[in-house]
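Alright, structures below, take your time with them.
Two complexes are shown next, each including chain A; its partner changes from chain B in the first to chain C in the second.
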Partner chain A sequence: MLYPLLMTSASGEGGIRCLLVRAGEYLCALPLNQVRRVVATLTTHPLPGAAPELLGLAEFAGEALPVLDLACLVNAPAGAASGQPVTVVVWAGPPAERELVGLAADEALAIVELPLHALTETRLGLVSGEALQAGRPVRVLNLEHLGAT
Partner chain B sequence: MSEEHVRERTSPAWGFAILAVTVVVGFVTVLAASAGTARQWLATAFLAAGAVAVLAYLAFAYLPERRARQRAERVSQQVAGWERELVAGLVELQAGDLVKAPEQVRHLPERLAGAFSAATRALGGLIQQIQSSSTDVAAAGNAVHATASELASGSSEQAAAVVQITATMEELARTAAQIAGNAASQADLAAHAEQTGETGVAAVEEALGGLEEVQKRISAIAARADTLGTRSKEIYRVLDLITEIAQETHILSLNAAIEAAAAGEHGRRFGVVADEVRRLAQRSQESVDSVRNLLEEFSSSIRATVVATEEGGKEASRGLERARAAANAIDALRSALADTARTAKETSLATEQQRTASDQVVLTAKEVSQVIQRMAEGLKHFSGTAERLNQLALSIQLLTQSFRIDAARSLKHLCEHWATELGGRGGQWEMAESQLAELVARHPFVEMAFLADAHGVMAAFSVNREWTGGRSAGSVTVGMNMHDRPWYQTVMREGRPILTPLYDSLLTGDRCFSVAAPIRDPSGAHLGVLGFDVNARSWTKI
Partner chain C sequence: MRGTELLVFVRGETSWGVERAEVRRFGVTGGGITISLRHDRLRADRVVAMLSTPTVRKPGRILRRFWPVSSRGLAVVEGQVVVVIDPLAPPPELALQTEGASDE
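This part shows the complex of A and B:
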C-alpha cells in the first residue's frame, strides 16, 4: 500500500487530490486528506538545539504547534520570494499516532488532483513519488513518513 | 672873342662916317658955289676938310682895318688848327676812342679843350654808367630768367601736382559717393534690422510669456503628477489590502476545499463553491496583479512625468532665462542697430557733403590748374622776355664796348693796355704765351687770348680751360695764318682797337665776341695784333 490515501480520493477516478504548495523551487503536493488547515505564516518561536528543519513552535488553536521548514525537508533550493508564505497544518505520522505539524511553505497554490497513472514512485521517505503538473514536476509527499522521522 | 677884336671891327665904320660927312659937306659947298652964294673960304674950308677927311680915313679906317685883317688871318689860321684838332678829336670820338680824343684836342683853347674833355668825360661816364646798367640789366634779366624758369618749372610741377590732386579728389569724390551709397544702404539695412529687432523683441517677449505659461503649466502638471503619485500610493495600499484579502480568500478557499474534501460526498458542493471562491480569489489576485502592473506602469509614467516635468520645468526655467537673455541681447542689438542706423545716416550725410566738397575742390583744382598753366605760359613768355632783355643788355654792352674809355671795364682799353705791354717785347714772342696766360687768368670772361705777328701768323695763344672743360685749343695752333681774318684786317686797316659782332665760338660752341688791338713798339712800329675772345655767357663779369 504505497498510496492508501490515494485509493480513497474524493474523485473516485483513480486520482489523488492534493494541496499544491511551493517550497523554494520545488512544487510539493500534500495529500488533501492529511491537510488540516492552511493559515498565514505563523509566528514561530525557535527551540534551542532543534534540528535545522524545525523552525520552532507556534501557537495554533490554543496549542503549541511545531513548525517545520518544508523546503529544508525536501532539500529544495531557495526560490523566488514572491507569493504569500503560509503555514500548512497537516496530520503527520501514522494514522494511529498522527499529530498536527505545521509546514512552512513559500506559497499555497491550489487544490489539484493528480492522476495515479502519472505518479511515479521514487523512494520510501517523505517524498513518495513525483508527477507532472502543467509540465512541471511535483513532488508528492508522504506525511505519514514525516511522523516517523 | 676879345674886346680888342670888337674895337678893331668898329674902326672902318668911323672911316666911312668921316667920308660920308666930307662928301655931304662938299656936296653942300658945291651946291652953294653953284648958287653963287658960296665964298672963297668955303672952298678952302672944303679942301681942308677934304684933307682932314683923308687923313682921318687913313688914321681911323684904313690902318685899323689892315691890322684887323692881319689879326683875322692869324686868328683864321689858329681856328683852322683848332678845327683840325677838333676834327681829329671828333674822328677819335667817332671811332669811339674816348682816350685819344682828348689827346687830339689838347692844343685847343683852354675852355674849348676843357669843354671837349668835359664832354668826353661825361660821355665816358655815361658809357660806363650804361655799361654798368647793362650789366645790372643783364644780371636782373638773368635773375628774372632763372626765377621765371624756376617758377615755370615749379608751375609745371604744380600743374602736374594739381592734375594729380584733381584725379585724387575725383577718385575721392567717387569713393565718397560710393561710401555715401553704402552708408545709405547700411542705414536702410540697419533701420530694417531695427524693425526686425523690434519684431524680434516682441516675439521674444511673447515667447517669454509662452515660456512662463509653459513653466506654470509644467508646475501644475508636476503638482498633479505629485498628486497622482500620492493617489497611486493610496491605490497601492488599496491593492495591498485587496491582495491581502485575496490571499486570505485564497487561503480561505483552500481551507474550504480542505474541509469539503474532509466532508466527503457531502462536501462536494461546498468544494465546488470553495473552488469557485479560490478561483475568484485567484482572479482577484490576478486582477490585483494586473492592476498593480498597470499601476506600476502608471506610477512609472507618473514618475517619468514628474521627472520630465521637473526637467521640463528646469528646461523651461533655463529657456526662460535664455529667452530673457535673448530678449536683452535683441534689445541691445536693436539699440546698437538704431545707433548704427543713425551713424550710417550721419556717415551718409557726411560723405555726401564730402563728395560735394570734393567736387568743389575738383572744380577749384581745375581752375587752379588752368591758372597755373596760364601762369606757366606767362612765365615762359616772361622767361623769353628776360632772355631777350639779356640779349638786349648784351647788345647795349657791345655798343658801349665799342667805345674805348679810360676804365678797367673797357675791353678796348684793356686790350690796348695788354697790347702796350706786349709791345714792350719788341716783336720777341717767345715768352708772350705766359703773358697771354696771365691775361686769361686775370680775366675769367676770356675764352682764349691770341697774338698774331705783323704777318698775320699766330705767334702765341692761351686757352681758358675752365671754358673748354679741360680740353686744349683744338684746331688752333701756333703758326696758323690769321692774315685773312676780319678782325686782323680791320685792326691792320684802322690801327685801333676793334670789337667784333657776336659769333659762335669754335672752341666752346657758345656765343662770343672778340676784342683786338694793334701791338706797337714804343716808336709806333706795328708788331702785330693782340686779340681775345669773350664768352657771351660771362660778359657780365667784365
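This part shows the complex of A and C:
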C-alpha cells in the first residue's frame, strides 16, 4: 500500500485530509491523523553536535519535545519570511513506536483534502508523494519515515 | 529513572543535568565553573539547582537519529528541558578545555 497511514485518514470520498503548511518555498501536506496540535513557534534549546535538521528541544505539555526544521528535512529553498511561524506537533515513527515531535514550519495554511488519484508516488524518504493543490505542487509527507535509521 | 537527585547546570544555550552521586566537587575557571565527576570533569557556565526526583525519560528514536549522543534521558523542570548526561560519556561540548582550572 502506497500510503498506509494516509489511507486510514481518508474521508471516504477518495481523498486524504491533510494539514497544509509552508516550509521555505515548499508546500507540505501532513496527514491530519498524525497532527496533534499546531502552536505558535515553540522556544527551542539547541543541542550541540546535532544534525542540522534538529533545531533543539522544547517543552510541550510538560514533556521534552524534539523540534525539527521542516524546510531542512525536505530540502526546501528558503522562502519568504513569515509573520506566523508555527510548530506542528505530530506523531512520527512507526505506528508501534510512534512518538511526538515538533515540526517547525513557516506557516500553517489550511486543512485540505487531496484526491488519492491525484497523488504521484515519489518514495523519496520523508516525501512519499506529490499532488497539485490549487495549481501548486504539494509534497505529501510520510512521518513514519522520521523514525527510520 | 526516578528518584535521583540531579545537579542542573547551563552550558551554552542548553540546560544539562548530572546525577548528584557522580559529583565530587566544584571549581572555578576563567569565566566558568568546573564540575568534577567521579570519572571526568565538565565545564559549566553556571550551576542552576540541585533537584530531587525529577522524572527522566529516555530519549526517543527520532531524537537519537538526529542527535546521536549518549544520554540518560530528558527531564522538564519548571518548563525548562534538561538533558541528563551519561557521566561515563558526556557530550564533548561539555569537556573541560581551559587550562589552570582549580578546584575549590
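The working rule: the second predicted complex is superposed on the first by the 145 of 149 C-alpha atoms of A that agree within 3 Å, B and C clash if a C-alpha of one lies under 4 Å from a C-alpha of the other, contacts with A are read in each partner's own complex, and residues count from 1 in each chain.
Just so it is clear, a residue touches a chain if its C-beta (ideal position, glycine included) is under 8 Å from a C-beta of that chain, and two chains touch if they have at least 3 such contacts.
Being a predicted model, the structure only gives us computed values, none of them experimental.
Colleague: Should chain B and chain C be called a clash or a fit once both complexes are overlaid on chain A?
Modeller: fit
Colleague: Taking the superposition on A as described, I'd like to know which of chain B and chain C A:36 touches: first, second, both or neither.
Modeller: So A:36 only meets chain B here.
Colleague: Mind telling me which of the two, chain B or chain C, contacts the most residues of chain A?
Modeller: Touched residues of chain A are more numerous for C.
Colleague: Answer with first, second, both or neither: which of chain B and chain C does A:77 touch in the superposed model?
Modeller: neither
Colleague: Just chain B (first), just chain C (second), both, or neither: which does A:135 touch?
Modeller: After superposing on A, A:135 lies clear of both chain B and chain C.
Colleague: Report for A:54: first if it touches chain B alone, second if chain C alone, otherwise both or neither.
Modeller: Touch status of A:54: second partner only.
Colleague: Look at A:62 in the shared chain and tell me whether it touches chain B only, chain C only, both, or neither; answer first, second, both or neither.
Modeller: Touch status of A:62: second partner only.
Colleague: Between the C-alpha centres of chain B and chain C, what angle is found at the C-alpha centre of chain A, to the nearest 10 degrees?
Modeller: Reported to the nearest 10, the angle reads 100 degrees.
Colleague: In Å, how small is the closest CA gap from chain B to chain C once the two complexes are overlaid?
Modeller: Once the two complexes are overlaid, chain B and chain C approach no closer than 21 Å between C-alpha atoms.
Colleague: For the complex, which residues does chain A have touching chain C?
Modeller: 45-51, 53-54, 56-59, 62-64, 66, 68, 92-93, 97, 99, 101, 146-149
Colleague: If we count contacts the way the header does, which residues on chain C are in touch with chain A in the complex?
Modeller: Spelled out, the residues of chain C in touch with chain A are 12-15, 57, 60-63, 65-67, 69, 74-76, 79-81, 83, 91-93.
Colleague: Can you list the residues on chain B that touch chain A in the complex?
Modeller: Contact set of chain B toward chain A: 247-248, 250-251, 254-255, 257-258, 261-262, 264-265, 268, 271, 275, 278, 282.
Colleague: Under the stated contact criterion, what part of chain A meets chain B in this complex?
Modeller: Where chain A meets chain B, its residues are 10, 17, 19, 32-33, 35-40, 84, 86, 108, 110-111.
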